[in-house]
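Two complexes follow with chain A in common, the first pairing it with chain B and the second with chain C.
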Partner chain A sequence: MRNYIIKRLIYSIIIAWGILTITFVLLRVGPSSPVDRYILNIAARGQDVDSVKQAIEARYGLNKPITEQYFSYMGNLLQGNWGWSFSASMPVLELIGSHWIYSFQLILLATIFAIILGVGLGMLAAVKQNTKFDYAASIFSFIGISIPGFWLGLMLILVFAVYLGFFKTYYDTNYPIWSLENLKQLILPVMALGIGELAGYVRYTRSAMLDNLHKEFVTTARAKGLPESTVIGKHVLRNAILPLVTIIMFDLGSVVFGGAYLTEIVFGIPGLGQVSFNAIFADDYAVVVAVTLIGTFLVLFINLATDLFYTYLDPRIRYE
Partner chain B sequence: MSEEKIVSRGGIKLPVHVNRRLVRYYWDRLKKNKLSLAGLGFIVFLALLGTFGPFFAADPQHVDFDVKNLPPLGFSTQESIYDIKTSTFTTTVHPGRSDHPLGTDSKGRDMLAMLISGSRISLLVGLLATGIAISLGTFLGVLSAYLGGWADNLLMRFTDVMMTFPFFLLLVLIVFIFGPSLTIIVIVIGLTGWTGAARLIRSEALSLRTRDFITASKALGASDNRIIFNHLIPNVASLIIVMATLSIPGVIMAEAALSFIGMGDPMSTSWGTILNTGQHTLDTAWWVAVEPGIMLFLTVLSFNFFGDGLRDAFDPKATV
Partner chain C sequence: MSAKTLLEVKDLKTWFYTRRGIVKAVNGVSFTLDEGECLCLVGESGCGKSVTALSILRLFDSPPGKIVEGKVLYEGLDLTTCPIPQLRNIRGKDIAMVFQNAQSALNPVFTIGDQIEEQINTHRMHHNGTAREKAVALLEEMKIPEAVGALKMYPHQMSGGMKQRAMIAMGLSCDPRILIADEPTTAVDVTIRAQIIYILQELKARRNMSIIFITHDLSLVREIGDRAAVVYAGKVVEIAPVEHILRKPAHPYTIGLISCLPDISTEVKRLPSIPGNTPNPMDIPSGCPFHPRCPSVMDICHTVEPEMLNISGVQTAACHLYDADIMGKR
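Moving on, here comes the complex of A and B:
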């Protein structure tokens, strides 16, 4: 078991290194330079563009060959120095430190919302198989999967903020993160992000429940005279949970990287998605590489945690 | 209806069965799924609209500020003007006009023409990028399974890196570096979207490889090429078709999301581009954000329904 974890960790580091290298090379071989954004200001002040550009590049070591830049970046990273953000004029770690909580909160709330509702609806649909409720749940999940999250976000803003006036049309950063006002303004973003996830969970829960609903141990449980709620909630659900855990954990990875970014942009939430997009447009490579790296490690960690969690859920599973 | 043709292979005349009955069988199974048929119907409609529509519709990029923010037919907007000289409010009602049946955006561009142009682009990007991704995935998957050993290991580790890579961030990054054009978008989505296909095809090919009919053809002296192209690929064909159908919606959504955040091809009008304009006029012209989203949603839903029906039709174990 210990060897397995060590092997997986080494493997994760190699994958993360590969992704870091690809991102770094993509950003640094591109035609634009982080200095470009200063140039308009420099020209407006009547200074000589080329000499100032060279001075800035020399200061941040951008004029050195790309391999040298890469190795010095890697060296710094291994010493815990994540670099300097050109666009925000602060250390990358500080920039990420002040924004990660917004993304974390959004993803956490959306996932809780999706798991509770999705697993609940899926269980009900399985128990009431082939009834009107089951069909409605199945149509709902098809709709939820097919609706683009960012458009759903726009529609929620249109109906609940613009026309009904229940919410503000912008995200107010003045509230403390866990205050009631802040949670209230997260209702729409959480729905926009969560409904897509939820729809998937309904389908997977339903089919995982159906796989177990007609097994012999269920008949035994019923024959023992157990109440239906115990049969479904304990005997069937516990056996259906293993495939569900995989889906939910893997889905979390795509939420971190896809849905949450777009949701942040639609609702103007200043999380890491917003930060990394601004950084891409500003050619602020240190920030982009750092955010990509953190996200990658998160996904790799979630995958490892899922595999280890299995051994707890299903003690028959052993890793070599 | 099995037709027998005589085909000459290497000087030996062989009868070849052109099995039309199989196609007929699948079609009959597919026909029973009404939602799947409806999906196919909408896809065909969209294909016709995208192919022939632009020849009849107005120029989607034609700007005319005289007709800006016109509502769709059957709706009307009110404009209140306060006259400072006479201190009176005059309210003018702008009803929808039949020359712009779906309304116009904030620059007076015709919504119908833009939606038609968008359906062409969505389908084009969806089909081309999926084509690239699935061909590449099939090729790499079969190759990996067939070669085995260190080549298989290397290919699969590379697949792992690509799978962990934050897909949308990579997309934005590459489009930012190489400039937003449809060609770049198609190539990037195609070159990054093959991982799922490669894994699935590989595992399928691995299980096929040990089956008796492959062993038999090897024993008969069939070449590697023959085994791959005449035995392996036809046996995963249904899997490939289903996978392709179900990956098109993801590609269409990715293109829309990209255009929505302002990284679409500026020379063409896609649904995402319209949404990008529409998000700023939610309070004055809701239809600009609503209409392209509905098209996008219906398209994705249709491909999901159709793909789901195809999967059931191809699966001999499924009851339809």
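Moving on, here comes the complex of A and C:
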């Protein structure tokens, strides 16, 4: 078991290094340069564009061959120096440090929302198979899966913020993170991000529950005189949860890398998604690489955690 | 026959309403079970003996299954109509079940200890000591070595015989008055089978527990049963003490079954068998359901369903051959 974890950690580092390298190279071989954004200002001030450009490039080492830049970036990274953000004019680590919480709260709340409601509705739909409730849950989940999150976000803003006026149309950073106002203004973003996931979980939970609902051990549980809530909520759910964990953890990756970015942009939440979105347009490669790297580690960590969680959930699974 | 009657099943019919038609799995089963008695339900696969067992505690899937007629009286209480919470108090406590295949009847993700203690805790049966102590005592009673360690094992870590014995231990955990054992020895090998039969015989004697033992194996009936009920097409066709069933079977179907039992002392080229197939429970023959396969079939058997007739005080059979009126007219 310990060897397995060590092996997996080594793999994780190799994967993260590969992704880091690809991201770095792709950004640096593009036609534009981080310096481009200064050029308009320089030209407007009537200075000599070329000499200033060379000076900036020399200062940040951008004139060196790409391999050399790569090795110096890697060297800095290994010493804990994540580089300098040209667009924000501050160290990358500081930039991420002041923005990560906005992404984190959104992803955490949306995931909790989707899991609790999705698994709950899915269980009910399975127990009430072929009833009106089941059909309604099916229709809801098909719609939920089909609607793109960003479009749903825009519609939620239009209806609940613009027409009904229940919420502000934008995310207000003046409220402290731990405040009710902040929680309230997260309701729409959490729904926009969570409903797609929720809809999927309803379907998956329903079918995983149905797979186990007619197994012999369920009859045994009833024959023991257990109440129906224990039969369903313990004996069936505990067996159904294994495929669910795979799907939920897998989805978390796409939430981190996809859904959350778009939701942040639609609602104007200054999280890492928006930071990296802005950085891409500003050719701020150090920020893009850093945000990508954090996401990569997160997904790899989630995958490892899932695999280890399996051994707890299903005692028949053991890793060598 | 002075013992008290504990359970009475009266004309029980459990039908399954499927898309292709009504499956009459149990179609009028009646029998009684006395205190401390072992009654065997015998029959071919698909004859409805397992569904009968499930029907006693209403454990079949519903829908599609439904008890359309009949009663299951346990100490005067009709289990087919009593409210579910009341039934739940009886399930696992007064009447416990042991299933055929422990491999799939035990929940794979919980330890044996969890599963046994859960039942003890549900029925609050741990007055003397904790649920754990009781579970250890039960496993020891089942002759499972190192009972304390075995409680921490998951079903997949146990051998087939151990699992089956753990399953029986679970069934006994709340000191039931009736144990329903649904082919508990089908999935295990011969040595384990002998062990399990021995354990059940011992339990019956020591705890004065009643057992409903469901099997297709007549040689087991001889070893464990006091009385046997022969089930055919969802109906009991003959009930009698085991020695009567084996020595002087009355119903032509029982006679056929007994003649199929291989005798070790004589050499035969080909084992005898009853011609034809068990009837499809969706399309049970008219009259006596056995008439298409019966060697002594008469005209009346095609149309009139025979009633249970008293043959010798302790033996009853549903066959027109024993109806004095009909036979007298011929």
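Please note the rule applied: the second predicted complex is superposed on the first by the 320 of 320 C-alpha atoms of A that agree within 3 Å, B and C clash if a C-alpha of one lies under 4 Å from a C-alpha of the other, contacts with A are read in each partner's own complex, and residues count from 1 in each chain.
Everything below uses one rule, namely that contacts are C-beta pairs under 8 Å (C-beta built on N, C-alpha and C of every residue); 3 or more make two chains touch, one makes a residue touch a chain.
Nothing here was measured: the structure is a model prediction, and the numbers come from that model.
When the two complexes are overlaid on their common chain A, residue A:L27 makes contact with chain B while staying clear of chain C. Applying the stated contact rule after C-alpha superposition, one finds that A:M249 touches neither chain B nor chain C. In the superposed model, A:R222 makes contact with chain C only, not with chain B. Within the superposed three-chain model, A:L77 lies out of touch with both chain B and chain C [touch as defined at top]. By the document's definition of touching, of the two partners only chain B reaches A:L262; chain C does not. Residue contacts after overlaying the shared chain place A:V52 against neither chain B nor chain C.
Contact comparison for chain A: of chain B and chain C, B touches the greater number of residues. By the document's definition of touching, neither partner reaches A:L308: not chain B, not chain C. In the superposition on chain A, A:I15 contacts chain B only, with no contact to chain C. Across the interface of their complex, chain C is touched by residues 214-217, 219-227, 230, 235, 238-239, 313-316 of chain A.
Interface residues of chain C facing chain A in the complex, by the touch rule stated above, are 54, 57, 59, 61, 88-93, 96-97, 99, 101, 104-111, 118-119, 122-123, 154, 156, 170, 174.
Across the interface of their complex, chain B is touched by residues 15, 18-19, 22-23, 26-27, 30-32, 142-143, 145-148, 150-151, 154-155, 157-158, 162, 169, 253, 257-258, 261-262, 265-266, 276-277, 280-281, 288, 291-292, 295-296, 299-300 of chain A. Residue ranges of chain B in contact with chain A, taken from their complex: 160-161, 164-169, 172-174, 176-177, 249, 253, 256-257, 260-261, 275, 278-279, 282-283, 286, 289-290, 293, 296-297, 300-301, 304-305.
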